[in-house]
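The structure appears below as structure tokens.
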Amino acid sequence: MSRKGRYGEYGGQYMPEILMPALQQLERVYQECKNDKLFQEELEWYHKHYGGRPTPLYYAKRLTESTGGAKIYLKREDLCHGGAHKFNNVMGQALVAKRMGKRHIIAETGAGQHGTATAMAAAVLGLEAEIFMGAEDVKRQKMNVFRMKLMGAKLHEVTTGSCTLKDAMNEALREWAASVETTYYMLGTAGGPHPYPEMVRDFQCVIGNEIRTQLKEMEGKLPDLLVACVGGGSNAIGTFYPFLKDKGVNMLGAEAAGYGIHTGVHSATLTAGTVGVLQGCKSYLLQDEDGMVKPAHSIAPGLDYPGVGPEHSYLKDIKRVVYEGITDEHALESFVTLSRQEGIIPALESAHAVWAGVNRARNMDRDQVVVITVSGRGDKDLEIVHSQGLIK
Amino acid sequence: MSRKGRYGEYGGQYMPEILMPALQQLERVYQECKNDKLFQEELEWYHKHYGGRPTPLYYAKRLTESTGGAKIYLKREDLCHGGAHKFNNVMGQALVAKRMGKRHIIAETGAGQHGTATAMAAAVLGLEAEIFMGAEDVKRQKMNVFRMKLMGAKLHEVTTGSCTLKDAMNEALREWAASVETTYYMLGTAGGPHPYPEMVRDFQCVIGNEIRTQLKEMEGKLPDLLVACVGGGSNAIGTFYPFLKDKGVNMLGAEAAGYGIHTGVHSATLTAGTVGVLQGCKSYLLQDEDGMVKPAHSIAPGLDYPGVGPEHSYLKDIKRVVYEGITDEHALESFVTLSRQEGIIPALESAHAVWAGVNRARNMDRDQVVVITVSGRGDKDLEIVHSQGLIK
Amino acid sequence: MKRMPQMFQRCKDDGSMALVCYLTAGYPDLGRSLEYLLAVDRAGADVIEIGVPFTDPVADGPIIQYTSDHAIRTGTRPNQVFELVRCLRAESDIPIVLMGYYNPIFAMGEGTFVTRAAEAGADGIIVADLPLEESAGMSRACRIKGLDMIQMVTRLTPPERMIIIARESTGYLYLVSRTGTTGKMTQIKPELRQLIGHTKHLAGRLPVVVGFGLSEFMQMQDLRMAGADGAIVGSALLKRMIEGVPPDKVGNYVTKLKQACGSKHH
Amino acid sequence: MKRMPQMFQRCKDDGSMALVCYLTAGYPDLGRSLEYLLAVDRAGADVIEIGVPFTDPVADGPIIQYTSDHAIRTGTRPNQVFELVRCLRAESDIPIVLMGYYNPIFAMGEGTFVTRAAEAGADGIIVADLPLEESAGMSRACRIKGLDMIQMVTRLTPPERMIIIARESTGYLYLVSRTGTTGKMTQIKPELRQLIGHTKHLAGRLPVVVGFGLSEFMQMQDLRMAGADGAIVGSALLKRMIEGVPPDKVGNYVTKLKQACGSKHH
């Protein structure tokens, strides 16, 4: 990191002045937390007793055999409480909020994953959660809305603009600006202004740290290849970061290529985007030549975002991590394959990583090891996949 | 147990002669498995690496505080792969089937929980699953049907009788009779003919065994009260059995009292039933004075069964376990409470146990410990609860 | 001598095979149920098995399940079944066997059930979900009241077990002719012929009656040739009843079946 | 002397407070956008802030977001905005400030953007998501081209930080009058009066202009009394435009606002 909150040229704090004191306070408090044994112990307690950590590292025998190449291990974030790696982040941030004395948490949500995770973390710590969600998404995601309300969160239905994620995020930032002294803003991925990318990455590093310990125990070595899907990039950075210094460990980030990069209908920010500034940080993003942000597409709701966390932009530039676009079609194929061969229904987001990982494993040696992070479970995606008519 | 397959007068093998050789074979093979270190190691491997075991024992601080009595711990079977304790059973039985060389597994399912669990276990071991499900249930449970198919199971839609669970079970037994040499019948609870009640109980005992170890570590003592919901009784017997010899450990089974025992619309087999013989074993059941089985009701699909595993009937008679009927209304109340106070959405089945446990904890001392088994997660029940209109 | 052995003796003398007809009690209702029973009796059946309806007939196929459910809904309980037996007995001397499931018997009490069955005029009892291991009590109760307790064997029953079951069974031995449950047809294959021979051999002097899935006339002849002492027809009759075929026409069908069994009178 | 300080001097001489009017460029389309700008100018505005539309205006309220989205859809990009400035400049000598977000500037290149803005006739630039920490590059580019780089402070800005920002800011200091974002009304409360005094004190000779959520005439008078050098009105104008109020009528409203600012001419 060249300077505070920067990853090469990426990152920064591109935010309205009104939020700067809050960001600086957060930065300060987070640094305290990071170095506070009691905080870390409390977080670990929630990991273990509430969240179901450590999650298993599972040797997928049948998938490996049908692939015929490297050994494929799956890091089972789908077994986290709430059904995804989102848990690691919201739990950490909710404890930070509590320490700051902020009992009111706001968060934006698209399909509802981060919203439900936030509601859950707020519930267990006795904080209030207010979830900003576009009216269109509210209509489409009835069950997630119900889940949030069930856990006591207040729904703030956003009726401006396209009534979807982006508008929900704008509205949440406005609300934050209006009540910044008492409100904690819970960001859902390793993006946004400093210190969020760093903080969220730190909270997600439990994924990679566990992989290291578990694989050491099982294979006595480091992985040859790590694979994770990249939406905002939180599960991927959590998987990769602890291995960045290990030269022999290759890394592959699977982005959403949607209908195919060439069609322009995708969310492959790193593969097909250009550098810009969006929602607080400098990073690759999908934009036109005038700097207008382009809509993203992915069959996976959690990958459907035109930006990406700044550290990934840096890792791409320095070629430490390779990023690859995986189409909707291939993701669907892996969704079915993993369900059928391993009895694990992955999130559509994770299915991107599975496809990318299996594809690489095929051309690797049998004594090599690929670890794919299954960021979440696919129950949330059944309607989407069902509507594709793949299974009669 | 007074004689083989008997719990006092309960249990037995009330089955057509055609199935007796298969039951005897199963009994033999299962005894082998039970004593085979390799089998147990393989099962443990799947528990740890595939299923997410051990599941946490979680001290529910906020629930305890709002209750104001004994310390409440939750055994988190909702974090098992697949979302319920069903995992423990299907994984064990699927390994038994594999050992018997039976690659075709059949199972009946009502709401689809046991069906999806069976499909999952079959998928990971590369076995074929055929799920018998009433046509009415197929219509009502579209997503669970899709889940099973996704994992490669064949759906056998049953169009006889009332087209629900009971007919599916009859049809599955017929199918078993017709192909018993090559087919393994995967029973979903600790009921049915010997050796199922014993085998399923053994597979579920991992719940109680883990509670013992975990609580020892956390509180340095045994629980004062164990609470679990009772449908067929598998998660409850798995919770209770390892503590049966510990005099100081009280046990409470929460049955479904539906609209209330006095209305007759319930599934409270032990509380309000009489002794009889249904689907293979002698036990308490809901029947009229002519021995005709009465329909059961519960808001929780998994408790909606007129019979119960035989060992519970025995434990009731010898007063080792107390059984109590919890109404739909109280279960719903706990469903909401646990979601709101702990960010854990329990299965409606488990919500029965939560109500019963919290109610007891209220009148216990602060240094006492209640452990409630949360048998599964409630995502599957959101539609049902939503339709109750409790949350706007 | 009792009705059952007399009947087998008569068939033997005839050179025919016994025709056992199964009807669900109370289908389509109690009154018409009796009419069908009488018609089947008059048409030449040698034994009548009366199904005691139960809510969860796991050993039966869809047709018997359907008629059972229907009969339960229209009020047919064990006591009504005894009444039916009494009415049939008043008109006929045909051997009558009650076939049912254990729970209604258990609910009434084994002793009471058997006593009432005997008093109503029944000759034997079959309990579909009461294998050897669970049937000691019923066997004893039947012995006391002089009823036959008919046991079942299948092609999967190991020889030693078959010998024991045959020893326990009285009246006849019920041989399940296929792996599945009642109601589905099957061809008489060489294996079945061997199975019948094998069972006859192990059953000693006890008659062997073959059931489950029979309806074709050809099958009857084949079974007789294979050495069966009797054949059971159930779903095939009930199917006709469900379709609305009246008692006399069902009787005609029974007559033809009996002819196929090799009755002298054909 | 440059237009901006001249204008503030004139207001001072007048005894009035400067009225800063914000309009989104290209709303409802480029042609009519110019008509509204000219009308507002003629009606008595002292400064015109032209909003450069961006797809994700996180610091703005629903009204500005709506007009931005609309303007983007009808083709308003930075180059079109410069054209608009050029047209306005051809007709008027009013100080023109471009207000926007950083990404379109970054996309064009800071230097190019500033150069083109200057060439078109703009006097200053405000970038809503470019706090002190990120604005060094833009400040430098503006300095080179003689444009004002106007910075923002809020009631949450600590005093030391406010001093630094005021030192970095040129043209005026933009004081966000409430905690929230643009577009919502607020009462002028005692705290705001104190905040203005405090900011004026720390800002030294730099004029302090108050913005966000202003629309009532009463507010203008209160602000003037509190010592503000200017007041910004944006959403209140755009709201009228969205309702279809024509340029001359919007102009009348501006005239009344300016009167409330204490212009001698009222």
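Each chain carries a letter (A, B, C and D) given by its place in the written order, and its residues are counted from 1.
Please note the rule applied: contacts are C-beta pairs under 8 Å (C-beta built on N, C-alpha and C of every residue); 3 or more make two chains touch, one makes a residue touch a chain.
Small disclaimer: the values here were computed from a predicted structure and weren't measured.
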{"item": "Furthest chain, CA centroid comparison against chain B", "value": "D"}
{"item": "Centroid distance [mean C-alpha coordinates] between chain D and chain C, Å", "value": "98"}
{"item": "Chain centre separation in whole Å, for chain C relative to chain A (CA means)", "value": "67"}
{"item": "Rounded Å distance between chain B and chain C, as computed from the means of their C-alpha atoms", "value": "38"}
{"item": "Sites on chain C at which at least two other chains make contact", "value": "none"}
{"item": "Overall pattern in which the protein chains touch one another (line/ring/star/complete/other)", "value": "line"}
{"item": "Inter-chain touch pairs (all)", "value": "A-B, A-D, B-C"}
{"item": "Touch list for chain A against partner chain D, complex", "value": "12-18, 20-22, 160-161, 166-167, 169-170, 173-174, 177-181, 275-280, 282, 287, 289-293"}
{"item": "Residues on chain A engaged by chain B in the complex (per definition of touch)", "value": "48-52, 55-59, 62, 76, 79, 81, 83, 119-124, 126, 142-143, 146-147, 149-152, 336, 339-345, 379, 382-383, 385-386, 391-392"}
{"item": "In the complex, chain D residues that touch chain A", "value": "54-59, 61-62, 65-66, 69, 72, 77-79, 101-108, 128-134, 151-154, 156-158, 161, 165, 176, 178-181"}
